[in-house]
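All chains are identified by letter, namely A, B and C, in their written order; residue positions are counted from 1 within each chain.
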Amino acid sequence: MDPILEVKNLSIRYHGAPEPAVRNVSFTLGRERLGIVGESGSGKSTVGRAIMRLIDSAEITADTMRFEDVDLLNASERQMLKVRGKRMSMILQDPKFSLNPIQRCGHQIAEAYRTHVRCSKAEARAKAVKMLEQVHIRDPERVYDLYPHEVSGGMGQRVMIAMMLLTSPDLVIADEPTSALDVTVRLQVLRILDGLVKDKGIGLVMISHDLNLVRAFCDRVLIMYAGRLVETLDARDLNNAQHPYTRGLLAAQPRIGGSRAPLPVLNRQDSWLTPQAQGDAL
Amino acid sequence: MSMTDRLSSAPAPRRLPHGLIVARNILLFLMRAPTSLFGLIVLGLLITLAVFAPLIATHDPYVQNLQNTLQPPSAAHLFGTDELGRDIFSRLVAGSRITLSIIFLVTIVVGPLGLFFGTVAGYYGGKVDTVLMRITDIFLSFPSLILSLAFVAALGPSLNNAIIAISLTAWPPIARLARAETMTFRQADYIAAAKLQGASSARIIWRSIVPMCLPSVLIRLTLNMATVILTAAGLGFLGLGAQPPLPEWGAMIATGRRYMIDSWWLVTFPGLAILCVSLAFNLLGDGLRDALDPKQMNRG
Amino acid sequence: MRQSKRRYAGVAEQGVSILITLFGLLILTFVIGRIMPTDPVRAMVGEDATREVYENVYRQLGLDKPMWQQFLIYLRDIATFDFGTSIRTGKPVLEDIARVLPATIELATFAIIIGAGLGTPMGVIAATNKDKWQDQLIRVFSLMGHSMPIFWTGMIALLVFYANLGWVGGSGRMSQFYIGLVPERTNFLLIDSALAGQWDVFRSALNHIILPASLLGYSSSAYITRMTRSFMLDQINQEYVTTARVKGLSRRQTIWRHAFGNIRVQLVTIVALAYGALLEGAVLIETVFAWPGFGQYLTSNLLIGDMNAVMTCVLIVGVIFIGLNILSDILYRVFDPRTR
C-alpha cells in the first residue's frame, strides 16, 4: 500500500535560534495510527505543524516530505489551501483556545465544510449537525448554536473533532488531543476519535507525552528526544524497547500493584544526542 | 517591566550605576531604529538651538524693519521676513526657547503632581484612593484641549497661564500610572521592612515608592509631550497662549494666516517646526515603548 | 438568576459612578467660572454703567450670596436646563448650542468614518506584517497624522487643494451662493439638502466637508491604527487562528473572518473614544475652515469672555464624553457573546 505520508530527514530551525528544533526525523505513515511521544520541547508538535505547513518563521529542510501526491516541501500556499482542511487536518490541544470564542460552535464546524465544498448554508448546517451526532453529542441542534464558552472541555474537543473530520480527510494529526481535558472524559473523547478514524480509514498521527495513551490507541510509536527520533517500534513491542531513553520513560510510569519503591528518575546521557545512537535506533 | 526583573537586576555588576547601564542600553536600542534616531536628532537639535539661540539667529527676532516686509526666502533671510519685516528664521530659533521652556515647565509641574496623587492614592488605598481617582476620572472625562481652553479663559490669555492650564490637564494620566505602579510595590517586603523600622508613610512614599515609579513616569511624560506641544501651539494659534510679539510658533502661524495666500513662508516654516518637534517626541516615545517592552529586550 | 442579579448590581454601580462624575464636572465648571479675573457684571452692563445698575445686576446674578448658595443655585439652574443666556447673542446658551452642534457632529461623523476606514485596515496590515517595511511605513504615516498641528495642516491644505488646485470647496459648510436656500430641519446640512431635494447644495456641502473631515480623520486614524495593530498582534498568535488555517482558510480569510471578529469589541471602544477626541480637533479645524459649529462657537465666546456660553460648552463636551463611554460599554455587551 502506498504510504499516506513520507518524511525523510526532516530538520526544522526557527529563525534566530542557534540550534534546530528538529533534526533528521524520518518516518512513513500508511492507513494506521502512529504515535509520536516525547517530553515537552522535544519537537514533536513542531513536526506536526511543519507537515501542515503552518510554520512561517522557520527554515524547513528535508530529503522528502510527501503527502500522497503532494510534495509538501515545494507546494505553493495556494496548493496547500486545497490540501489543508480537506485532505489533511489537525486537532489542537485545548478547545478553550482553539475554538473562536465569538462564533457559534456549529458555524465553525460548517465553515470547515463550506471552505472546500460549494453548498448552501442549510446543507452545511445539516452536515455539521450530522457530524455532531457522530461525535456522540446528544442534542446536536442545540449545541450547534452554542458559543464555545458555553460548552464543557470534553464537548469542545468533540466539536473540534467534528470540525476536523467533517471533510473526511486522509490524514489527521492530533496534537495532544486530550491533555487539556479532565481525566474522566479523556478516554471517552479518544474512543470517539479512534472509532471515527477506523471507520473512515484515516491515517492518524497522535502527538502525545502520555506513553500509556499512545500504547492503547496507536499501532506504531515514534519516540522523540531533544528534536531527534530515538526509536521507532510497534506499540505492542513497547515493553521490549531497546533505547535507554524509552526504557527510562517506561520505568518512570507508575503501575497499580507495582512495587512501592520510589519511581526511578530518568538518567539522561549526552550520548543519546550523537548521530550514532540514532543510527542504532533506526 | 515586572518588579522581580528590577529587583533581580539590581545587584548586577557594579562597574557603572545600574541606572546608567539601563539608560545606555536604551539609548543604544533607540539609535538602532532609524525612526527613533530621527527623534533623538531633532530633539538634540532643538536643545542646541535653544541654548545657542542668540549665536545662531542671524537677526534680532524682535526688530522690525518696515521697509523689508514679507520678503520671500533668500540668502539674507533664510526663511523670509514677516509682515513687520522681522526675520522668520531668527524668530523660529528664538521660539525654540519658548517651546523648550513649555516642555520643561510642564514636566516639572505635571511629574510631581501626578506622582503625588498617584503614589498617595496607591499607597493608602481605600477611601483616599477612591476619592483621588474619582477626581482624576473627572479630569480625564474632558478632552485636554477643551479643558485647557476653559482654564485659560478663566485665567486670562498668556503664555504662563497656558502652561498652567496644560499642566492642570496633563497630570491625570500620570497619576493613574503612578498609582498602578505603586499598587504593585505596596505589598513588597522592603516596604514592610521600612514600616517595621518605624518610617513614616510620607518617608516611605518619598524614599521607597517615588523612586520606583520614576522611570515609567518619565517615559510616559515623553510620550505625552507631543500632545503638550500641539496643545500649546493650538492655544497660541487661538490667541490664548503666548501673546505677540513673542515668537511662539503657534502664534506666528496665527498672525501669518492673513498673509498666507501671497506669502506662504509665513505659516509654512513655523508649522514645519511644530510638526518636527512633535513628530520627534512621538517617534521617540514609540521607540521607548519598544525598548521597554520586555519581549523585545529578551533578545539580548 | 444570580447572574442577572449581579448584572443589575453592576449597572447600578455604574450608574452611581456616572452620577458622581457628572457632579464632579459641575463642580469643576462652577469653580472655573468663578476664578476668572474678568468681571461678569462689567461684561454685561458695559464700562459706563452707573454704580446702581451695576449693583442691581450683581445681586441679580446672586454674586452677593455665599459660594455654597451660588453653587446650589447653579445646580438648580442646570437641573432645569437653564444654562443662562449668552452675552454675545442674547439668546439662551442651550438654544445657541443646539443650533451649532449639528454642524460639528456632521463633521466629526464624516471624519470618524474616514479615520476608522483608514486606521483599521492599516492597523491590521501593520500587525500582519510586523517589523516589515509595511509596518514601518504605516507607523511613520500614522505618527505623522498624530503629530501635525491640525490648524496648520488645515491652512496648508486649503492653500493647496482649494486655492491652487481648486479640487474642493473653501471654508464654510457650502458656497456663499447657497446659504439660506435649504430649509433648516435637522441642521445637518447633508441631510437637510437631501430632504429638500437640493442636490446642488448637497454636492456643495460634500465638497466643503471633505477636506476638514479628511484632515480630522487622518489625525484620529493614528490612534485607531496603533490600537488596532496591538489588538491584532494579541490575536494572531491565538490557537483559534491556527484552527482556522488548519481548516484551509487563506491567511487573509483567517485574519478578517476570525481574528478581526475578536478585536471588533475592543475596536468599538477605541472608535468611540476617538470620536470624542475629534471634538477637540474640531475646535481648531473649525476656526481655520470658518465652520459654523460648536468649536467656533466655543472659541469666539472664549475670546470675548462670555463665560456662560463657555462653561456650558465645556459641560456639554464632558457629558458627550461620558455618554460615549457608556455607549462603548453597551456596544461591548452587544458584540461579545461572553458578556451576555
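Going forward, a residue touches a chain if its C-beta (ideal position, glycine included) is under 8 Å from a C-beta of that chain, and two chains touch if they have at least 3 such contacts.
Per UniProt, the chains are A = Peptide/nickel transport system ATP-binding protein; B, C = Peptide/nickel transport system permease protein.
What you are looking at is a predicted structure, and each value in this text was computed from that prediction instead of being measured.
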| item | value |
| --- | --- |
| Most distant chain from subunit C, judged by the mean position of its C-alpha atoms | A |
| Chain pair showing more contacts of the two, B-C and A-C | B-C |
| Distance between the centres, which are taken as Cα means, of subunit B and subunit A, whole angstrom | 54 |
| Inter-centroid spacing, subunit C versus subunit B (mean Cα positions, whole Å) | 24 |
| Distance from the mean Cα position of subunit C to that of subunit A, given in whole angstrom | 52 |
| Numbers and ranges of subunit C residues touching at least 2 other chains | none |
| Complex contacts: residues of subunit B adjacent to subunit C | 35, 134-135, 137-139, 141-147, 149-156, 226, 230, 233-234, 237-240, 250, 253, 257, 260-261, 264, 267-268, 270-271, 274-275, 278-279, 281-283, 286 |
| Subunit B partner contacts - residues on subunit C that touch it in the complex | 20-21, 24-25, 28-29, 32-33, 35-38, 136, 139-140, 143-144, 146-149, 151-153, 155-156, 159, 163, 276-277, 279-280, 283-284, 287, 298-299, 302-303, 305, 307, 310-311, 313-314, 317-318, 321-322, 325 |
| Residues of subunit C touching subunit A in the complex | 238-240, 242-251, 257-258, 261-262, 264-265, 335-338 |
| For the subunit A and subunit C complex, residues of the former touching the latter | 52, 54, 77, 81-86, 89-90, 92-94, 97-103, 108, 111-112, 115-116, 147, 149, 160, 163-164 |
